[in-house]
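Each of the next two complexes has subunit A plus one more chain, namely subunit B in the first and subunit C in the second.
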Partner chain A sequence: MKKLSTASKLYLVLVFVVLYAPIFYLIFYSFNSGGNMNHFESFTLEHYQAVFADSRLIIILINTVIVALLSGFLATLIGTFGAIGIVSIRNKKMRNTLLSLNNVLIVSPDVVIGASFLILFTLIGIKLGFTSVLISHVAFSIPIVVLMVLPKLLAMNTTLIDAALDLGATKRQVLTRVILPYIQPGIFAGFFLAMTYSLDDFAVTFFVTGNGFSTLSVEIYSMARAGISLTVNAISGLVFLVTILVVIGYYFVTNRSKHVSKEVQR
Partner chain B sequence: MRSLVQAAIAILVVCALLFFAAHQLESRGSAGSQDTITVFNWGEYIDPDLIDQFTEETGIKVIYETFDSNEAMKTKIEQGGSAYDVAVPSEYMVEMMIEDELLLPIDHSKLPNLKNIDPYFLDLAFDPGNQYSIPYFWGTVGIVFNPTLVEDHLTFTTWEDLWDPSLQDKVFLVDGAREVMGMGLNSLGESLNSKDEALLQQATEKLISLSPNIKAIIGDEITPLMINNEATVALTWSGQAADMMWENEDLDFAVPEEGSNLWFDNFVIPKTAGNVDGAHAFINFMLDAENSAQNNDYVGYSTPNLAAMALMDPEVIEDERFYPSEELRDKLEVYENLGLEWLGKYNEYFLEFKMSLQ
Partner chain C sequence: MFNKASKGSLFPYTIWIAFFVIAPIALIVYYSMLDLNGNFTFNNYKAFFTPVYLKMTLTSFWYAFLITLFTLIIAYPTAFLLTKTKHKHLWLMLIIIPSWINLLLKTYAFIGIFGLYGPVNAFIEVFGLESKQILFTDFSFIFVSVYIFIPFMIIPIFNSLDKLNPTLVYAARDLGASSFTTFRRVIFPLTIDGVKSGIQVTFIPALSLFMITRLIAGNKVITLGTAIEQQFLVSQNWGMGSTIAVFLIIIMVVIMLLTGQKKGGRA
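Up next is the complex of A and B:
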């Protein structure tokens, strides 16, 4: 790679500063003993203690992570097979229609999705709470997974499958030994993206929570209505930390799977 | 493929662990006893310290939720999503909830502290014998005004003062048919529960003659306007007036002598209650003289609790603006349920009055 000029380096630094400054500003003040974000008095961990002392808040944090993990998992499961299904359709028109339908779901506003889920759930009598939030998160994550898995599938040489079949592999073996290992990086990418979507979703969740069940984004919203306290900063800082950990985890997983797929190709 | 399966298993194990952790936390939250009650109250309408004290004394954990209108509260209770054990509706809503069979009868033998309540506030028309409700706070409808902005001779001890020509374009009214029509009827010296078409007609005409003085008919927005000296005179509830006077010491409040409305917020036990004994314990706890005095100090509305009044600052309970003399108290009336037909007529006349405003 060509070496970057000083000007482009400076530009790059500037971009990252602009992107990260608000987050670090918020985290910085979460250690403020002053009680507001106007001026920094002295270092304290009391806001973090307040978060951990509030078992309701911790339960909400745990619930948020459970919903993110589970909805990511289910959406990846459904989305991956959906993508394989879409690719295997021979009729080009049909395939494009399905893809477009998938993309419409990605671009349609969260508010619309949330409101329609609320109507659906009340209509068929699903009680608002954990189940309703999980189902809606799975639903809006599936199109994202499909979109992440699809390029890998399209990049795959179909002769690989033909060769496997010629060598006597069953359909099941083709799937588990050839297709899935090949598209594995896409599957992981889909999972992590679905998870982050679920973690930060507010609009859809806002519509379908109820009966005391709440996720972090909704809770922070209602806390902020009563005036931003530094507890909000502290919990946002914690979530940021969790996100960083997820990214690091993603980095390690993809590195390893690249390794694996090379072995398969060999 | 193996790493995919491994990842899937890892995710599910983490989920299970987190589920377990959340479950542990939830059960630890109600440590010692599985007893909890859910209290559904207006915002800022209880001293939060009392909730902790209650849990300490009885071991019953309190889940506290708030609502901002009687109607919203009724809807949530009707939906039955959550099991509320204690709610605090106003008196007309108590009547509606009794009619809709949303309430459980209250067992007076479990409320020894009921004796603290002034008998004057018991056994009222909206709930004879207090079968379903126990008064929590009460108040009146009156006039809040800014003495620095009105002429000295206006004391608002009579409704007539609102008609004073010096108040042109200065009077704010609350947007409620019962309140405004009641004021019209009261200013004629009639009952605010009148069921007489001719009287209503007369009251409406009287109100229409007030229209040059009226600046606006609004809701809760009046509070900041009065506090910031941007409004001069307003028809409002005593509780709201007390809030305004807390923020702006210049303001004054008066209940006109011709009579006015008397309202109550009451403890009730909704039909959805899961812990009826706990609900009774909570109501009894709040009726205790000391607790009630402490609560009143925090909330600042008028309490019906005689024993608590004995413990309170005499300056507060001798304030005739919020604890009217018996003479005036006799002229105050609780809104009666007029029935749909007459309620419709009140609304119609109120609309006619509103239409007359430019």
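Up next is the complex of A and C:
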């Protein structure tokens, strides 16, 4: 393979600089004792202290994490069993219909999902707040779990199941001892993605959240609309730190599961 | 393949499809035919075909087109060069990380960067030019959107370039094709699927994102998404909002068909 020319390297460096500059810009000014993002006065941690001293913000943070974990868990549960069910369908037409329906929410614009869920919740009579936000997050995370689990199921050799059944395993045992361990990496990837979808979502939550309940995205939006506040910068610093930690964690987990699956195949 | 009993596991999943995939679309279509008092009417559709809404749809389209175009122009060479680097997957990871930072935080950063006293204006002043308001312009809206979509465009293109068999490129070169011809006749056609998925994940959100227009473009740029949000949450006119949503769904389906792939090759 040829080495990259200087111009190519320069181009890549430029793209990376542009991608990261706004993020580091935010974090840099989160340590600014002056109240703006234009002029750095002196180093301070007061904005971080402000985040942790603001009990309302802390509650919102906890809400966001709870919604992400809970919706990730529920979506993984429904999605995994849904994927197993889809694979068990023999009728090709029905299977393809289900798969297309599965992808509708993935490609739909957030605004449309949010608006239609708002109508739905109002009609059914679900009060806007924690419940409606949780249900919507579960709803839009299910298809991504299915998409993560399905390839693992399709790659699975069905003779494994036949063998287990021949050896006298019950259906329950086949599920817990054969199928689930085999598709475990897909389930974890699905759960992880469902959580990031939930943490990242703004538009859908914005539509279905009532007055009393708020997640971090919605809160940042209302703070940003009010103008510049270095508390938001401090939040960005924290979010960036957590993201990096999660990336490193995820990297190790997937690397480990790759090794494990390789050993299983041997 | 799998035993019949596992069909029972489909139950919660089908409930989900009924309530959260089929019902919402049906409700949007139903509400689009209701007026403010809940009476049946086609007035919303009539209103949509007036110059006000048609112009808005066209400008929204134009912005989405420009955003997608610029994103593609920047993302394709980046993806191409990334596949040539030594630790390409590590570099790709570094491209993906910014996409995980909350979109609102990134948008918020630009309120500061493009602000009247922000770094961009400070830079302009160095050249003796007068500082001016960059926020709340078409330029800032397009720039921020392109910035946000770049990683999402790079990922599918990178994947399709990565799958490309390099011997095909060598063969083309051996047969005397110039590097430009090789790119035009071999590399680009073979990676068109990645480009199509990239366009899908950029164009549709570009039509519908409303937080960027609200925060960066003030109320100057109105996209279909902004209009829906406005009708639903500000004017409380769900009928009109649903009508715009119906058209957004139709546009989405058309784009899916245009950029559809024979094999379901999602990255």
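Quick note on the criterion: the second predicted complex is superposed on the first by the 224 of 266 C-alpha atoms of A that agree within 3 Å, B and C clash if a C-alpha of one lies under 4 Å from a C-alpha of the other, contacts with A are read in each partner's own complex, and residues count from 1 in each chain.
The definition used in the following text is that a contact is a pair of C-beta atoms (placed from the backbone, for glycine too) under 8 Å apart; a residue touches a chain by one contact, two chains touch by 3 or more.
What you see is a predicted model, and the numbers here were worked out from it, not measured in a lab.
J.: Determine, under the contact definition given at the top, whether A:L134 touches first (subunit B), second (subunit C), both, or neither.
T.: Neither: A:L134 stays clear of subunit B and subunit C.
J.: Once the shared chain is lined up, is A:A50 touching subunit B (first), subunit C (second), both, or neither of them?
T.: The answer is neither, since A:A50 touches no partner chain.
J.: Check whether subunit B or subunit C contacts more residues of subunit A in the superposed model.
T.: Greater contact footprint in residues on subunit A: C.
J.: Who does A:L19 touch here: subunit B (first), subunit C (second), both, or neither?
T.: Only subunit C is touched by A:L19; subunit B is not.
J.: A:I126 contacts which: subunit B (first), subunit C (second), both, neither?
T.: neither
J.: Tell me the contact category for A:A169 with respect to subunit B and subunit C: first, second, both or neither.
T.: neither
J.: Does the superposition put A:L160 against subunit B (first), subunit C (second), both, or neither?
T.: A:L160 contacts neither subunit B nor subunit C.
J.: Help me check something: in the complex, which residues belonging to subunit A touch subunit B?
T.: The contact residues of subunit A facing subunit B are 55-56, 58-59, 62-63, 65-66, 69-70, 72-73, 127-128, 176-177, 180-181, 184, 187-188, 191, 210-212, 253, 256-257, 260.
J.: Sort out for me which residues of subunit B touch subunit A in the complex.
T.: 1, 3-4, 7-8, 11-12, 14-15, 18-19, 21-22, 25-26, 28-29, 63, 81-82
J.: Touching residues of subunit C toward subunit A in the complex: what are they?
T.: 1-13, 16-17, 19-25, 27-28, 31, 74, 77-78, 81-82, 84-85, 91, 93-95, 97-98, 100-113, 115, 117-119, 122, 147, 150-151, 200, 204-205, 207-211, 214-215, 224-225, 228-229, 232-233, 238, 241-242, 245, 248-249, 252, 256, 264, 266
J.: Contact residues on subunit A for subunit C in the complex?
T.: Residues 1-2, 4, 8, 11-12, 15-16, 18-20, 22-23, 25-26, 29, 36-39, 77-79, 81-82, 84-90, 98-99, 101-102, 104-105, 107-113, 115-120, 123, 139-140, 142, 146-147, 158, 161, 165, 171, 174-175, 196, 199-200, 202-203, 206-207, 216-217, 220-221, 224-225, 227-228, 232, 235-236, 239-240, 243-244, 247, 251 of subunit A touch subunit C in their complex.
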